[in-house]
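Alright, structures below, take your time with them.
Same chain, two partners: chain A is paired with chain B first, then with chain C.
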Partner chain A sequence: MRLFTHNMLSSNIKGVANGFPLRIEVDQVVEKQVDFNPDFLKNMFPKLEWKALVDAARTMGYTELPEEADSSMLESEEFLRKLHHALLELHLEEGALVCPETGRKFPVNKGIPNMLLHEDEV
Partner chain B sequence: MSNRPELLAPPEIFYDDSEARKYTSSSRIIDIQARLSERALELLALPVDGIPRLLLDIGCGSGLSGETLTENGHQWIGLDISQSMLDIALEREVEGDLLLGDMGQDASFEPLRPYGWDKGLALRPGIIDGAISISAVQWLCNADKSSHEPRLRLKAFFGSLYRCLARGARAVFQVYPENIAQRELILRSAMHAGFAGGVVMDYPHSTKSRKEYLVLTCGPPSISTAVPRGKGEDGESCSEDESSEENQMVTISDRNRPQKKQKISRKGKGRDWIFKKKEQLRRKGNTVPPDTRYTGRKRKARF
Partner chain C sequence: MWYLCVFFHRLLDYRRAEVESLAEMLGFFPSLEWRLPENQHPDSPFHLVNLPSEDVARNIANRSILVKGIYELWGEGSSLEQLEESIKSYPEDRKLPYLTCETTFKVTVDSFGKAISFQEQNDRIKSLAYIPFKGRVNLKNPDINFWLMETDDYGAHNGLPPVVQRRIFFGRLVGGADRKLLPTYELKSRRYLGPTAMDAEVAFLMANQAQVMPGKLVYDPFVGTGSILVAAAHFGAMTMGADIDIRAVRDGRGPDCNVWSNFKQYGLPLPVALLRADNNLPPWRPGLKERLDHLLKIETTLFKHCTLPRCVKDMVLVLVSPIPSIKEDDMPGASASAWTVLHKVTGKRSETEEALRNRNHAGPKHLTCLAAFIIFDAIICDPPYGVRAGGRKSGGRKLLKGIVAPYTVPDDKRTGHIPSTAPYSLAECVHDLLDLAARMLVMGGRLVYFYPVLRENDVVENHFPEHPCFKLIASSEQILSSRYSRVLLTMVKTGSYTEKVAEAATIKHQEFKENYVKRLEDGNLHSSVFSPVHPQLGEETDSKSCKELKPKYRGKYV
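Coming up: the complex of A and B.
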């Protein structure tokens, strides 16, 4: 699972009011090379929750992202490279996503988060 | 369709390891899936500006449809309920991100809901630029567990999908409804959720290659939400004007599709019609009762 997916996932258990962002528990992170595409990043940037992304990247061991970001920074190639790396190249391979409110764990195996709920949770 | 997998077992059980492997090693299926997803992408009508979009592939399975998306340069997130199919997708090293989830579960896309949507924060637009789904939505019409109720599951599916799509974004589902009732049920749930759109049918004349696509647009009806036309009338049909008429009749089924016109008027078919038919049968050499003054006459009420 990449971080742009994480940036959109929230806990879907019934009754949870604030299930975003999911906390990441890391067992294994892998990096995979992806082609750099500035257009996609510019398109994605307004949709991102920046703070959640920075926190998630830190948990995954990538600390290069600045604390604050605005759209003017999209002009700099260096910033875009960092964003590209954090969004698309970092994969959470093994670990878990934890609901911030209930502490329910969604296991991540082989890069696939299991978001299936039990019947009593829907 | 004689053997529908939907009737055999729930998807997470039907698509076990062996079935998933079979599905993905058959070059015929791969070919069909690729063509279906290409057509779906075409119907999605994304703006042609070369910018990669973020798409959702619902029921992505082993990522056959996602591959088409990758080839067209888009980023995608795939959702499927079968672990075995997703394992195959991993083996095939698909580019998209995969999620294990149930599309009919209440709040299945809630995870993808734009954060802060209903909390009175700034209204962030939906994040997904489009959604496709190849041969998956009809699974929702089955109740595989006692807690399943197809109507509610469809409602949950379309409702949560509507929330995570950007305004004006399209969703294209290729479906195999089992019968008319199922198609209506699916379409009605989509309309209730707020989608505009309808059904596009490709190759309506051919039972084998006929394909149905549900083309839905997020937002109120407008010119941009008009349903595109179906494909392949010229190949199978005899004359051109007939095909366009057929196209009008068959491919676009709206919410208020007119009831089939009754061919037989209430008055009955009349004496002339009976004489004509009897004449026809006589010419064929059948034994036909003679024409008398009683032919085609109504019985008296006391009879």
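Coming up: the complex of A and C.
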């Protein structure tokens, strides 16, 4: 699971009002090289929750992202490279996503988050 | 200019829709004009289409799957004599540049509905001696491809559309589909397959209907083995897929036989994300749900005809929205010219800028909220409708003896618990799909999916699901058996999603469900497709005469 996905996911357990962002529990992180695509990054940037991304990247051991970001930074290739790495190249291979309200763990195996709810959570 | 557009004779309903989608994708907005050549049946492969330029024509043809060729038509007629007359009267200045001695050329003779012998082909080519070809012949790799095509009523029971009169066309090839894609991507060489993997040709057609282009984000909520996303990735899209079956998305059939390996097999970029999720309760974070009415109003008046580029549309929405702190450079991708257009359209620029300057204190978070729930450029899928695969959703219940109340998972068993699932009806599935698409597609984004219909006595009902945010722009039937078909629906998002819209959509959905979908449910669709036919008594003896009565023309069964 890439942090791009993490940035879109939220806990949708019945009764949970604020399921975003999910906390990340790391068992194994892998890095996979992905072709650099600045247009995609520029397109996605306004759709990101920046703080959630910075925190998630930190949990995964990547601390290069600035605390605050605005779109003027998209001009800098250095920034785009960092964003690219954090968003697309860091994979949570094994671990869990934890609902911030209930503490329910959504397991991540082989890089696939399992977001299916239990019978009593629907 | 009018071009001759010749199609492959298959998937008849999909042909014009594909060309129209591609024309729009390439930036040609007004709807296309079509004509049929003289004496041609609507199902004939020969069509005339009005396109703005040869470049557009070439790009459409090369990207398409069903266009055999788009030709600059030099002449046509019912006989070789008429053809000669027609070619001679075609303007010289259009012909001569392609006949000079520096060029190499080839003439291909083709006929629809009959094979022409090599000798006859040669004779036909020789009969074109009145065209002053000056270039050299090159059969392998010519600069210019000329085609002489003919269709006639050959009197054979070959199931082709009826032909009233012979027609001959002569034209210069501008472009044609790259059908080599199909053997490359055909399912039998695909490593990881499921029972409902989408055929490569249809998957490419779906990607074309969805106007997939490099850099776009495409989502499939019923990803399975990824066969639809493979086609989207081939055209350069970033892909994302979800499925409720974790075995399909996570495990596949081993480390080298899973959804990822299907992309690696063709050297395509891997999906941005694969996850296990339920389409009934999608785990996407909420965006901003309420938007003011005036915003909606402006949006519908501005985008009624949908001719503005996407970046302008997004910008208009941001500008007229009541959310502060949005600056020009907060919308990357929107160019200065977009601002000029915008200024003209709204006349509000200075006013808005002033407001923005004064209210600059709020954080950029608001912008993120507005944009958050419009993230996908297209959603393409083949929902489970219960014929070959039934849908499942979460919320099943363990059947424990004597327990009627909803099942509660004991605390010590929560880790590693495998939740049970409940059946997911077609009506609910389609409603959830439309709701998700309305929430998460960008304005002008497309939802492309298959929907089943029953055929009775060759009559098909054509009532399809509706949604206030969407306009249905194409419905293409593919006949699967004498009893049922699937229809590829292409819907384009034309309105914003608001609470009000969601309510209206639910009401519309209820009506639709009452009237039409009920018939398809409760195993009705499944039994209609699979139950044996009960021939009425006495019919068997007539089987021979039945065969003769069988209509010659097979129509959309091709």
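The definition used in the following text is that the second predicted complex is superposed on the first by the 122 of 122 C-alpha atoms of A that agree within 3 Å, B and C clash if a C-alpha of one lies under 4 Å from a C-alpha of the other, contacts with A are read in each partner's own complex, and residues count from 1 in each chain.
Methods note: contacts are C-beta pairs under 8 Å (C-beta built on N, C-alpha and C of every residue); 3 or more make two chains touch, one makes a residue touch a chain.
Everything quoted here is computed from the prediction, not taken from an experiment.
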Classify the contacts of A:Asn43 with the two partner chains as first (chain B alone), second (chain C alone), both, or neither.
both
So, A:Phe20: does it touch chain B (first), chain C (second), both, or neither?
both
Quick one: is A:His84 in contact with chain B, with chain C, with both, or with neither? Answer first, second, both or neither.
neither
Who does A:Met8 touch here: chain B (first), chain C (second), both, or neither?
both
Touch test for A:Arg58: chain B only (first), chain C only (second), both, or neither?
neither
Determine, for the superposed model, which of the two partners chain B and chain C contacts more residues of chain A.
C
Once the shared chain is lined up, is A:Ser71 touching chain B (first), chain C (second), both, or neither of them?
second
Touching A:His118, do we find chain B (first), chain C (second), both, or neither?
second
Could you tell me if A:Lys105 is touching chain B, chain C, both of them or neither one (first, second, both, neither)?
second
What is the shared patch of chain A, the residues that chain B and chain C both contact?
1-2, 4-5, 8-12, 19-20, 34, 37, 39-40, 43-44, 47, 49, 88, 110-117, 119, 122
Along chain A, where are the residues that touch chain B in the complex?
1-2, 4-5, 8-12, 14, 17-20, 34, 37, 39-40, 43-44, 47, 49, 88, 110-117, 119, 122
Given the complex, residues on chain C that touch chain A span 215, 217, 238, 240, 244, 246, 249-251, 269, 272-278, 281-286, 329-333, 364-365, 367-368, 371-372, 374-375, 394-398, 406-409, 414-415, 417, 419-420
Chain A residues within the chain C interface of the complex:
1-2, 4-5, 8-12, 19-21, 34-35, 37, 39-40, 42-50, 70-72, 74, 88, 104-105, 109-120, 122
Within their complex, chain B touches chain A through residues 50-54, 73, 75, 77, 81, 83, 86-87, 90, 95, 97-102, 105-108, 110-115, 119, 124-125, 127, 145, 147, 164
